[in-house]
Amino acid sequence: GDSNGGARTQITAVGSSTVYPFTTRVAEAFRNQDSNRDAPVIESTGTGGGMARFCDGVGSEYPDIVDASRRIKKSEYQKCEANGALPILEIQIGMDGVALAESLQGPSFELTKKDIYLALAAHPRGKDTNSAQTWRDVNPALPAIPIQVYGPPSTSGTRDAFAELIMEPGCTEAFPEVEEKSSDDKKMVCMQLRSDGPYIDAGENDNLIVQKLTANPNAVGIFGYSYLEENHDRLRGIPIEGVSPTYETIAGGSYPGARPLFIYVKAKHLNAVPGLKEFLRLYSTMWGPDGDLVKRGLIAAPQDVRDHSVEIIQQQIPLDPSTLD
Amino acid sequence: MSDPLMPELPSAGGGSIAPRQPTDWTTDAMRQRIRKRYARERRFRRLGLVAVVMSAAFLAFLLVTMASQGLGGFFRTEVALPIDFPQTGIEVDKASLDQPGADLALAGAGLENIVGTAAIAAFGDYGPNVISDNAWLTVREAIKHDPSILDGRAVIHVPASAEIDRAISETGTPEAEAAVTTLQAENAITEGFNWRFLSASDSTDPTQVGIWGALKGSFFTMLVTFLIAFPVGVLAAIYLEEYAPKNRWTDLVEVSINNLAAVPSIIFGLLGLAVFLGTWTLFGHKVGPLLPRSAALVGGLTLALMIMPVIVIASRNAIKAVPPSIRDAALGIGASKVQVVFHHVLPLALPGILTGTIIGMARALGETAPLLLVGMRAFIATPPDSLTDKATVLPVQIFLWSDEVSRGFVEKTSAAIIVLLVFLLAMNAIAIYLRNKFETRW
Amino acid sequence: MTFSALIFLIAGLGLISWLTARARAARFDRAGRRRLHSLPAQHGWYVALWTVVPPLLFLLCWSAIEPGLVSQAVMAHPAAAQLPGFDFERQAVLAEARRLASGSQIGAFNPLAEQLAPVMAEAQSHYAWLGTLVAMLLAFAGGAFAFTRIRANFHARTRVERVVMFVLIIASLIAILTTLGIFLSLVRESLRFFSMVPVTDFLFGTHWAPQVIDPNDPGSSLGAVPLFWGTFFIGAVIAMLVAIPFGLMSAIYLTQYAAPRVRKWMKPILEILAGVPTVVYGYFAALTVAPAVRDLAVMLGMEFASSESALAAGVVMGVMIIPFVSSMADDSIAAVPTAMRDGSLALGATTSETIGRVLVPAALPGVVAGVLLAVSRAIGETMIVVMAASGAANITLNPFESTTTVTKQIVDLLTGDAAFDSPKTLAAFALGLTLFLVTLALNIIALRVVKKYREAYE
Amino acid sequence: MNDLTDTTLAQTAREHADAVESAAPVKMTARDVHVYYGETHAIKGVSIDIDMDHVTAFIGPSGCGKSTFLRTMNRMNDTIAAARVEGQITLDGEDIYASGMDVVQLRARVGMVFQKPNPFPKSIYENVAYGPRIHGLAASKSDMDAIVERSLRRAGLWDEVKDRLTDSGTAMSGGQQQRLCIARAIAVDPEVILMDEPCSALDPIATAKIEELIHELRGNYAIVIVTHNMQQAARVSQRTAFFHLGNLVEYGVTSDIFTNPREDKTKDYITGRYG
Amino acid sequence: MNDLTDTTLAQTAREHADAVESAAPVKMTARDVHVYYGETHAIKGVSIDIDMDHVTAFIGPSGCGKSTFLRTMNRMNDTIAAARVEGQITLDGEDIYASGMDVVQLRARVGMVFQKPNPFPKSIYENVAYGPRIHGLAASKSDMDAIVERSLRRAGLWDEVKDRLTDSGTAMSGGQQQRLCIARAIAVDPEVILMDEPCSALDPIATAKIEELIHELRGNYAIVIVTHNMQQAARVSQRTAFFHLGNLVEYGVTSDIFTNPREDKTKDYITGRYG
């Protein structure tokens, strides 16, 4: 019945909601260039769900691109392999800043990774429970305000990034003995966030966190940097070890929360889907520091990374599985 | 011949029954009791009124909030942008502008930069922030519409940026406020109804977004949902109430239908994914996917499965409430079972069936979770033209916009909610009309 | 001939056969005995069904195999040898050729496609004619067969009604199939989950914290009890404490006290509540109700009250499902014969007594069904809890504390960034399956209870 | 044969007439009552006095407004949206359509048995106990049992149902349902009892029992009975009202009406010549 | 006095007896029919022949199973879930409980008027036209109008409703509803007509009309009528069956039954001594 019988004319992408705004922006530009092109279809499914679909196979019913807020996992790569979806191109499109922020009416926090670790860990320094209720319990220099931190849910890549970039260093600082533990134990001690109230899992919707912060000046929020930038008239970034989250500090690496963002593309689809190559080329023209994506909150990757990505696109260099974990 | 028709009354049949005086309603105890009953009656009635009023007040509050936030979304600001084309050095072959490649040609000629430069020329360094990022598209359309403007200086009304929009409707950044003041002084700014909002599709730029694509998607999806869920639900209800023998098997069907109503909607998404979009191997052949992903057809089918239990349950109750004497009457003059059902039971049960349909369809219209899994939570920039085209729906659009970084989306989100509610009302109006028409009391 | 034209043609044939068969049966009617077994129109339907159904069934199969046949014909063409070997690319070229052939695309992206387009067009029209021919033959054969069977004492009605009955059974089977489908689509992944996590840990564990899973003892942080408690507490307790009184009282007020015009307007207005998108409720719950609830809690002396309370989510959810209770109760109360009401009023009962003792009991099946539907909806609701309840998995009776629900966790797990084969994500399927089984059990109990208290009038 | 009937009726009426007390107190009055169902003018200016301690029979052809008028007497017409009442009806001198009227008490005092039996879909016991319960007439369970038993006995149903009091009131034969409704109405001991064809579905024996009940109740109550059975009217009533096309054509002492009707219409009707 | 009653009834019966033909063909037969409602044994082994061209009256005290037996005769019992039928009933020699039986056609041939009037909530016209429509008895609109008018006339309702044929069938008086149901049943011209107390809510004139109708129909139909009115049974029927507690106590020619009942129970019942 379907007149397209087994082929499709538009590009399809699935995956992370963090990368979604950037890919959609490129998709829009792609179509603005020529309105006769079929508009790409970009789904926001989360990286995990996206990877699962992406690696289901090759062909018109499977997406060409997956947006990822983390690298592909080895198990996912193996699934791709099993389903004949290899080779795939791994393209880093830039970085996402994980920022801590408070309301402009807030108490003007200045925190360290250690403070954050001690306030939010489920097992601070290996203890069974975290008894800290106010920031002062953590660090006498901080105000006696109840700890209330809005952050992403346990399955979110932003949360993993937060745990890895801020909690873990804070953990080793506060509790050096942890290095002697097994890696699993270390994870439990360093990365597990408390679930007894002070850390509030606020879902995937970052705008909601922004609004909750405005309504509740004593609270702290953890979310993507772009939301902080868009709402700088209401929110203030919280400096960590004296460094405030700004585009420059995150791009330069002095602010601790930055993680790479990727797209993965099936090489086999490059010839079968009209415009896919142009799409990638367009992507590469938009991710520079003065590109359009940065206006939307992307943190541009360093020059060498961008060059490497362009090379991957041009020469269709497949991902090397040995670099995965 | 005293009593030809009836026998004499049996003289002493129930004589054993003690006579009783009529109840004395004037005793204090009785009066008090009646007062209490009346008080209870009044309280009960007031409670009912309170329930209705509070529910309605809650709704009114929601609606007023939405309306106050969303009305701005229906208006847009335009800025008169003067562009001196010859000076920009744009080079395009005017003859090719009615060819299919015109878009690409103009984009390739650097129109975007030209417009940016023109904005700086007209409004100073803040200029590019005054006009929408996609203002150049408007300019492109203008050129395509009338290539002769390339020969000289033209003033083109382009959409203002979201910042300017906000500075006008509420309070924006100081720079934007300043820009608005100067623009207003120059009479370069106009406000008007945002037709684009009703005619365009999704975009990443709040000044360019429109609801038409999602509206059409919702329409197609609801159409499929209704065409599947309503007949199947009603027919299933008829079978279960009127035909099925009352035994374990019907109990099983009943329980499983009731249970389906409690299944989280996202799980229906999993089902839709597996059944309509999955691939199976049958006798060594790969079969599927049956239907294209992200299409209104799949979304509609998935939602139909989701709301079918609601319709079945409501319909069964409505059918059950039709008095048996009506069935007897029709059967008694030789109507067949099918005739009894379709001539009498169904019309009488229709109000209740429609109630189930209304709340079921309302639920389907507002649902997002299952559509995520069948690919409708997506950025789709062109409105669908058929049931199998890639499409998204209003609530998904609302959900996606509510998560957008740009603040300009806030009022668009509310405006989209208003559109959704209007759609809901329009959809229900027919059903409600029919329901009022068919309601009989006996 | 296009597909839709063919459908129209068949429908036309159906109409013609309906008319002729009816006319023929009507002649029997005049000539023959006092009464036909079946109405002329029923004979009409019989013949029309025979005319329409076989070709439609054929077309259904045909549309599935026709593209394959066309492709095969195209592949036989010498130019097809140049087609790329990779299946997807080959299909892309063929699809383009198809679009070129049908005229929906003009310039070709791939030169090979242009070459194949005429071949494609020819093959398509060839098979289209073949399909049309067979369909027509079937229509005529079916119609003729049925037509010859019409006679005065032919039981056309019985046969047509058997078809109706068949359709009815199919319709009710869909519910069963859906149930089965859901069960099956959950069970495979759930089994994978349970191969990693012991069932008992999952079902009876009281600690839910899926962020970091200890690979040695994955069950220790995947105990589902708090989620089920939260679901029950928010959906079946708090939401119902709002929805049942408001819904039932609204229904009663509107059917028994309000002027008919008020009812006519208010009922649909309340129904809007069920259609407001849940995202909107989510925002409302998170930003308006939740802070108010927190302030209340602080006033009550809970210093560290969370702003993500079970109460906020539950109350808003309760409001959303008011129409489920009110509309269904309204309909069933209105359907109780007025004679019942009159009987009670004539004994000197007040309206409220009549409602409480006669009308509501008589309407009980409908009321209970509405309530069950509302509970079901509350249990299955996602967005409100996603936005207004936190992810903190607590077992608490305090409505001011935060709890989480099964549905919120399922959504988080399925839309998150974690890999889909980790116990973290698979837990979503296990949660879904368990919820499914739990509600099934509850429904079985509910069915028993309702059966026991049902009052049938007349 | 008509003459025969005539004479017989008159005779029956006269035989029972000795029971009529001359000056019975008036219990209810109607003055110039009109009832409309939307456009239909169903009752056209009826004025009537219902006496205490008497049985009043309403007779008249089908559709003449007997049931309608009966319903206006305890304001059951309020429940029909289209119905509208004009004029004045009093109970013990009080206007029952006055705004201050306590409708609940009114209906408790003026009981009603409907033309179509309408038992509640509850058990037989609960059907009868319903009225006493809402009015608090029974102090205890045994009290209630006694009331239920007495009411069912009086309605001549006790023997048939005493072993199945918990069965549903709807799973009974037509006549049983009708008697159940009578039992239900008398269980609250109203002062006035309005009965709309209480014996229409009853066999002669059950009819006799109901008539006996009416006879027995008459001492303390005002009773109005609609009947199509002239014999029954003649037997049980002391006053008869003849309705025709919404008008009260004639009203008077039963023996007079049956012996010596003033109006030709009345005479035609009771002798069966009408129509 | 009882003897007198007896005599009168017997006389009436005898007066009408001359109409009885001696050897009428048998239309329906019942052989050892038992009906159960769950536990209740409502009909206990009834065997009876219903003759063509005759009117058969079922009499018996309330609750004895008359309606139940009537319902088994056109399988209306099928609609009561709890009801179970044993034994054999034939129509024109065909077993109506045979598996191949077309119940719909059966019910079209064996029409029924129910004890409680149950008009459809449709217009009066539609109520009557419904049957002819589903059986295709009217070729045209004017045909249908004629059928409706004739049926309503025969049921004695035409004059009352001819101006309001579009009004709802439920907004009528009790007696009007009953006649409407009769009109509806005869509109489809069944071969057997089962009437469950068709005159219970009717005034004497309307009753006379229905009796006249029955008389008129008798020539071509088999008619069964349930009645509590002995006079009516004596007047209209040629056969009488007396039911008691689910048993068919006696069945025979009406004049015989009323003159000379074989069973004491019958005698007691018709003379009013029973109970």
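For clarity, chains are labelled A, B, C, D and E in written order, and residue numbers in each chain start from 1.
One rule holds for everything that comes next: a contact is a pair of C-beta atoms (placed from the backbone, for glycine too) under 8 Å apart; a residue touches a chain by one contact, two chains touch by 3 or more.
No experiment lies behind these values; they were computed from the predicted model shown.
Asker: Provide the labels of all chains in contact with chain A and in contact with chain B.
Answerer: Intersection of chain A and chain B contact lists gives C.
Asker: Among the chains, which one keeps its Cα centre farthest from the Cα centre of chain C?
Answerer: So the chain farthest away from chain C turns out to be D.
Asker: Report which interface contains more C-beta contacts, comparing C-E against A-C.
Answerer: Pair with the higher count of C-beta contacts: A-C.
Asker: Hey, which chain is the most central one here, using CA centres?
Answerer: C
Asker: As a quick test, compute the distance in whole Å between the mean CA positions of chain D and chain E.
Answerer: That pair's centroid distance is 28 Å.
Asker: Compute the distance, rounded to whole Å, between the mean C-alpha positions of chain B and chain D.
Answerer: One centre to the other, that is 56 Å.
Asker: Please work out the Cα centroid separation of chain A and chain D, and write it as a whole number of Å.
Answerer: Going by mean C-alpha positions, chain A sits 83 Å from chain D.
Asker: Pull out every residue in chain B that's touching 2 or more other chains.
Answerer: Expected reply: 1-7, 10, 37-38, 41, 100, 323-325, 336-337, 372-373, 402, 442.
Asker: Which residues does chain A have that touch at least 2 chains other than itself?
Answerer: As it turns out, chain A has residues touching two or more other chains at 17, 45, 49, 204-205, 208.
Asker: Counting only residues that touch at least 2 other chains, which ones in chain E make the list?
Answerer: 104-105, 108, 116, 134-135, 272, 275
Asker: What are all the touching pairs of chains?
Answerer: Between chains, contact exists in these pairs: A-B, A-C, B-C, B-D, B-E, C-D, C-E, D-E.
Asker: Give the list of chain B residues in touch with chain D in this complex.
Answerer: Residues in contact with chain D: 1-7, 9-10, 13-14, 17-23, 25, 30, 33-34, 37-38, 41.
Asker: Can you list the chain E residues touching chain C in their complex?
Answerer: 102, 104-105, 108, 134-137
Asker: Once bound in the complex, which stretches of chain E touch chain D?
Answerer: 37, 59-63, 67-68, 115-117, 160, 171-176, 179, 196-197, 200-209, 228, 230, 269, 272, 274-275
Asker: For chain A, which residues count as touching chain C in their complex?
Answerer: Going through chain A, the ones touching chain C are 1, 3-9, 16-17, 45-49, 51-52, 58-60, 68-70, 73, 75-76, 79, 122, 133, 146, 148, 153-157, 159-160, 163, 184, 187-188, 191-193, 195-197, 200-205, 208, 211-212, 215-216, 268-269, 271-274.
Asker: Could you please specify the touching residues of chain D with respect to chain C in the complex?
Answerer: Within the complex, chain D touches chain C at residues 74, 76, 79, 81, 104-109, 111-112, 114, 116, 118-122, 130-131, 134-135, 168, 170, 181, 184-185, 188.
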